[in-house]
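Structure provided below as structure tokens; questions to follow.
The chains carry the letters A, B, C and D, assigned in the order they are written, with residues numbered from 1 in each.
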Amino acid sequence: MKVGVLTGGGDCPGLNAVIRAIVRKGCFHYEDQFVGFLEGWRGLLEDKSMPLDLASVGGILPRGGTILRTSRTNPAKKADGLDKCAATLQKHKVEALIAIGGDDTLSVAQKLHAKGVKVVGVPKTIDNDLAGTDYTFGFDTAVNIATEAIDRVHTTAEAHNRVMVVEVMGRDAGWIAMYSGIAGGADVILIPEQPFDIEKVAETIRLRHARGRYFSIVVVAEGAKFSTDLDPRHDAPVLQSMVKDEFGHAHLGGIGNILAREVERLTGFETRAVVLGHIQRGGSPSAFDRMLATRYGLGAIDMVHRGEFGCMAALRGNKIVSVPLADAIAKNRTVDQEVIDVAYGILDKLSAEKEAVEK
Amino acid sequence: MKVGVLTGGGDCPGLNAVIRAIVRKGCFHYEDQFVGFLEGWRGLLEDKSMPLDLASVGGILPRGGTILRTSRTNPAKKADGLDKCAATLQKHKVEALIAIGGDDTLSVAQKLHAKGVKVVGVPKTIDNDLAGTDYTFGFDTAVNIATEAIDRVHTTAEAHNRVMVVEVMGRDAGWIAMYSGIAGGADVILIPEQPFDIEKVAETIRLRHARGRYFSIVVVAEGAKFSTDLDPRHDAPVLQSMVKDEFGHAHLGGIGNILAREVERLTGFETRAVVLGHIQRGGSPSAFDRMLATRYGLGAIDMVHRGEFGCMAALRGNKIVSVPLADAIAKNRTVDQEVIDVAYGILDKLSAEKEAVEK
Amino acid sequence: MKVGVLTGGGDCPGLNAVIRAIVRKGCFHYEDQFVGFLEGWRGLLEDKSMPLDLASVGGILPRGGTILRTSRTNPAKKADGLDKCAATLQKHKVEALIAIGGDDTLSVAQKLHAKGVKVVGVPKTIDNDLAGTDYTFGFDTAVNIATEAIDRVHTTAEAHNRVMVVEVMGRDAGWIAMYSGIAGGADVILIPEQPFDIEKVAETIRLRHARGRYFSIVVVAEGAKFSTDLDPRHDAPVLQSMVKDEFGHAHLGGIGNILAREVERLTGFETRAVVLGHIQRGGSPSAFDRMLATRYGLGAIDMVHRGEFGCMAALRGNKIVSVPLADAIAKNRTVDQEVIDVAYGILDKLSAEKEAVEK
Amino acid sequence: MKVGVLTGGGDCPGLNAVIRAIVRKGCFHYEDQFVGFLEGWRGLLEDKSMPLDLASVGGILPRGGTILRTSRTNPAKKADGLDKCAATLQKHKVEALIAIGGDDTLSVAQKLHAKGVKVVGVPKTIDNDLAGTDYTFGFDTAVNIATEAIDRVHTTAEAHNRVMVVEVMGRDAGWIAMYSGIAGGADVILIPEQPFDIEKVAETIRLRHARGRYFSIVVVAEGAKFSTDLDPRHDAPVLQSMVKDEFGHAHLGGIGNILAREVERLTGFETRAVVLGHIQRGGSPSAFDRMLATRYGLGAIDMVHRGEFGCMAALRGNKIVSVPLADAIAKNRTVDQEVIDVAYGILDKLSAEKEAVEK
């Protein structure tokens, strides 16, 4: 069977492990042939491809990024985009396509499937917030990187009696903040799911001081929000709009910096922010993510041969199962009760109580 | 409530995270007091203890080892051992004891419970082979360390056209070998659950050469065994007994070295062994293990306050539940079908087929 | 002999190794006694101290931060500050003081020495820019962290056909940028010593594209500056002032973000910035830094016993020597010709030529 | 100019960085062309080569191993070997050859040069023991890996009240043992340069116990030797010969295991050994090694264009200079006085005194 493979959306540690697993099982067990389309859906729109065989996936398992490169190109937003994609597949005599990507990529996959293309999806989001699957690859690596950064920042906070604010990824869901915050021993964790009261944050830090801990670590997801308007003189949204320049670039660095300023203002303790940014999604995947990505890849090629099209591979408990693409794309998966309970149990009391109350 | 805590058996990344979680939730939510008994059951036998409070668990989350130290002392094997333990607990007015350890430690916990002591267990095995729980903390860290070592060895194997044998932990179960082997891109993985045919191993490596891959990685668990007797001239068991010296120390270095010798003899390819040993169980726990260990600790102190004695905390899916100590100790958990299937899908065909046939 | 020790200024990996070396050699070889003053010079001003002996330096070698904590308190700027310091030393019967810190800390040391206090200095700057010494501890760790971050960002740049700008530390000197840029395979490196022409930067990146490399890495020291004024519509200094809010906090994130915007504007290639910030100075020191810090510590306690006061330990070639504090504080050490030559040799031609011309 | 490049001997982190630097400077500054000979001198004997250009060195900087692979093939030991090498160079119209390797590789380079071939050498030894140069690349990476392993083992030693013996590389010189031992906080360091008295080792460990440190770390170079014969009942050399099997393979695992047994016998403390082996030489080079390897590569291609043949690039202080191959090969460089002094200053007194006496 001739199978096409592409990777779309933001890069994510483990993409190469998925590709490798697809190709190895396909070659060893099914006698498949493969073609890799380059830079996500752009590869289908512009007919850019590379051959994929055992040799081309040799040595890629430990590498970050994706040998097929990626882009955010969306053919559904271009005239005849989907038809062009289908035509390219036909030209290459591709009988089935495996699309690896986030909800954008998978929603295109679903539309192509509706047009009769045989598509199987593999979910990818470093934020771990895709409905329909328990864990996504890349997340564990991001959490490890963020945790290591929090560890580093800890020694500085302690040496200087400082509050350190660490901003991690997570626009709509606080998975990375929660996991890295708990693993890094944060004193306060702020997530998009729960708008936070800056006074409560300050109070938690003051109480730590009162019991002799002269430093604190605050982990904040990039999408976290104040629950109340700030004093207009230093209102965060105002500041945020202020730094959009005429070219439309935002320069503020986001919630981490605003939060550091407010914590310092309210507590009087020296406070600094670190914004981790892109280093969270690059580099070699953790062992966990390599295993998980391998399982997704094996699951996807099996689905192709079982004819389960219009579906994506998903992790449920310790099994890879097949779920309809439509279900997966439908909604974001926010931090679950089990994780909230852990934060409630381990964080400094006031900080935890607040979360408990508001959840 | 006054609660005692001890850690027994081999050390394991995450022990400090468990202790910290117990103490933090106990102090913040239950107003407990704690006493830490030192060096496992020895601390109870010899009444060696330290106070445990919020300050004493400050900063220990990222550290390997255990601030309570550990030992393999088994009071059940000493005259009046269990009674002495109970007496020490009484002397300290300890109302409940949390014992963190492997099956040895937990079997003592069960015996103490049978004598009326209120005990809760937390399972600990770096090998991930304890029945009754899905994952144990420390395992992910060990797999990460082993995978990183395999990555390193890969570059040497490739530069030299060599076969490299990497021996990892796993006396009775091949969890670490399977996970690190798959994550490290091994070509052959040998585990205690499946005695291996050395000829099949050699044939897999020859086939790789035949398709232009002039190096191979073999990952072997320390407990893996040959399925057939070796040629008596270089019979492994003979060699193994030969190197026990008069002091009873074994010097051979185990299966890794024997296997390297045999692979080189059968294939003619230069082969070297690396025995990872103790570095797999030391050092800072991974983020995953810190989270997991924290959950076990929170689960244990909750169990104390719910009165679930004679039980241990266990991970089932994404929930921490309570299971009887007796069930947990009963039997070893060997590598499951899901993991075997992954190996079958991703390994070089012959190697995988062999496993498929024999499983 | 009774010896005081303090650490001042920003924290730096290796501080604990210096303290440990001083105390171990002092205890084993000279039968010294030690007192640690807390939080830099503040400890002398406010008489805050802790005892220092073999036990208190046990296990601190691999830890970041400083067990003596640190601050930027400058007694020379307070009324009677220096006299208070001298009085505290007298009260503790301290016969000699070892001050570990950067030029601020050491300039206070020099002033105290001028007042008759027996002081020995140990130079500390993560930026490696202190005159009088070849290498300072902490620098190698910072370079390793920055290099690892550049490695991570590389995979993202390549997967997305992007330009990635990585901002590293270095306000007055480009040592970290140069070393991490070369070690991380950067295509352009911008340092404070050489104001840069943004057009040349853009041209280098365009030429890389022209030869088929669709991604680029730019490493920029935080103190790097444009050589020419920007188009007034998007002038960087204007932007920079714009984001100082009424509380005096800068929010822009500095040169990295401005540069990313300009590169994208001039080349049309998608460009993103990463600002590493505080993670560069936290965490466990590299082996090189532990060795170097140990050597500085040993050198300092030897100087105390040789009576070389008013001096600091310095690395010259592979020897620790004693140099007057005055010389050391006098001026900053900028990137030397050897390193410029390496950049000239290894960077893409245009980028290198520019540096060659301007150097 | 057409330049050949080869890598010989054991692999070493930084080899790819040397190759990359040669090719980049050659292409950008000298308009050279390159051919890479595969598997060291074997590539010249058997005419196995690959083209080397800017594209082929893209992305190799952070990778361990060598894209040219390596071997220990020695053409000087084969009939007409050197002539065959010269003929292959002529066939490829190679005007100058850069040979990267240890003393074996460089001695062949010297012999070829004596026959009129234009050769430049780049020294490579992970052991840092090559005369004529201050530091060799790969050494810093090996020390970092060994130090990290010692860190890990520390937590186990402390948790179990154990003595841990860590065997590191170093057949003839103790550089890695000294650096990693000091950086890892070892209590005893044993090196080939100083045969050790096992009783003194035991006494040091007993004294540590006496002052309340119930664990110890011993770092031993693989080439370290007992100064006195052991009791014949457990004589090490006997044991060592005993485990050479009929196929000539040694199985004992060397000095680390013997030492652990003896320490346990003499002190009565539980003792375990870890033999690091091949993981010390694989994997991504440290930032320091990437910088150093880059400098060696730039130096070598400059030497080619300055006509400095029969020489090798060498690091002296912070400069790359040219030294005759003959000088470099002549003798091993053992641990220098500066490093001995550091060990004397930082180690537990008895252990240090011993070294001081015997040096």
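One rule holds for everything that comes next: a contact is a pair of C-beta atoms (placed from the backbone, for glycine too) under 8 Å apart; a residue touches a chain by one contact, two chains touch by 3 or more.
Quantities reported herein were computed from a predicted structural model and do not represent experimental measurements.
Taking each chain's centre as the mean of its C-alpha atoms, the one that lies farthest from the centre of chain A is D.
In terms of their C-alpha centroids, the spacing between chain B and chain D amounts to 33 Å. As a whole-number value, the distance joining the C-alpha centres of chain B and chain C reads 41 Å.
Within chain A, residues 151, 154, 158 each touch two or more of the remaining chains. Taken as a graph of touching chains, this assembly is arranged as a ring, one closed cycle with exactly two partners per chain.
Chains touching one another form the pairs A-B, A-C, B-D, C-D. Put simply, chain C touches chain D in their complex at residues 21, 24-25, 28-29, 54-55, 58-59, 61-62, 134, 140, 143-144, 146-147, 151, 154, 158, 179-180, 182-185, 211-213, 284, 286-288, 290-291, 294-295, 298, 302, 317-319, 336, 338, 341-342, 345-346, 348-349, 352. Partner chain D is touched in their complex by these residues of chain B: 7, 10-11, 15, 39, 63-66, 69-71, 145, 148-149, 151-156, 158-161, 164, 233-234, 239, 242-243, 245-247, 249, 251-253, 257-258, 261, 265, 272-279, 281-283.
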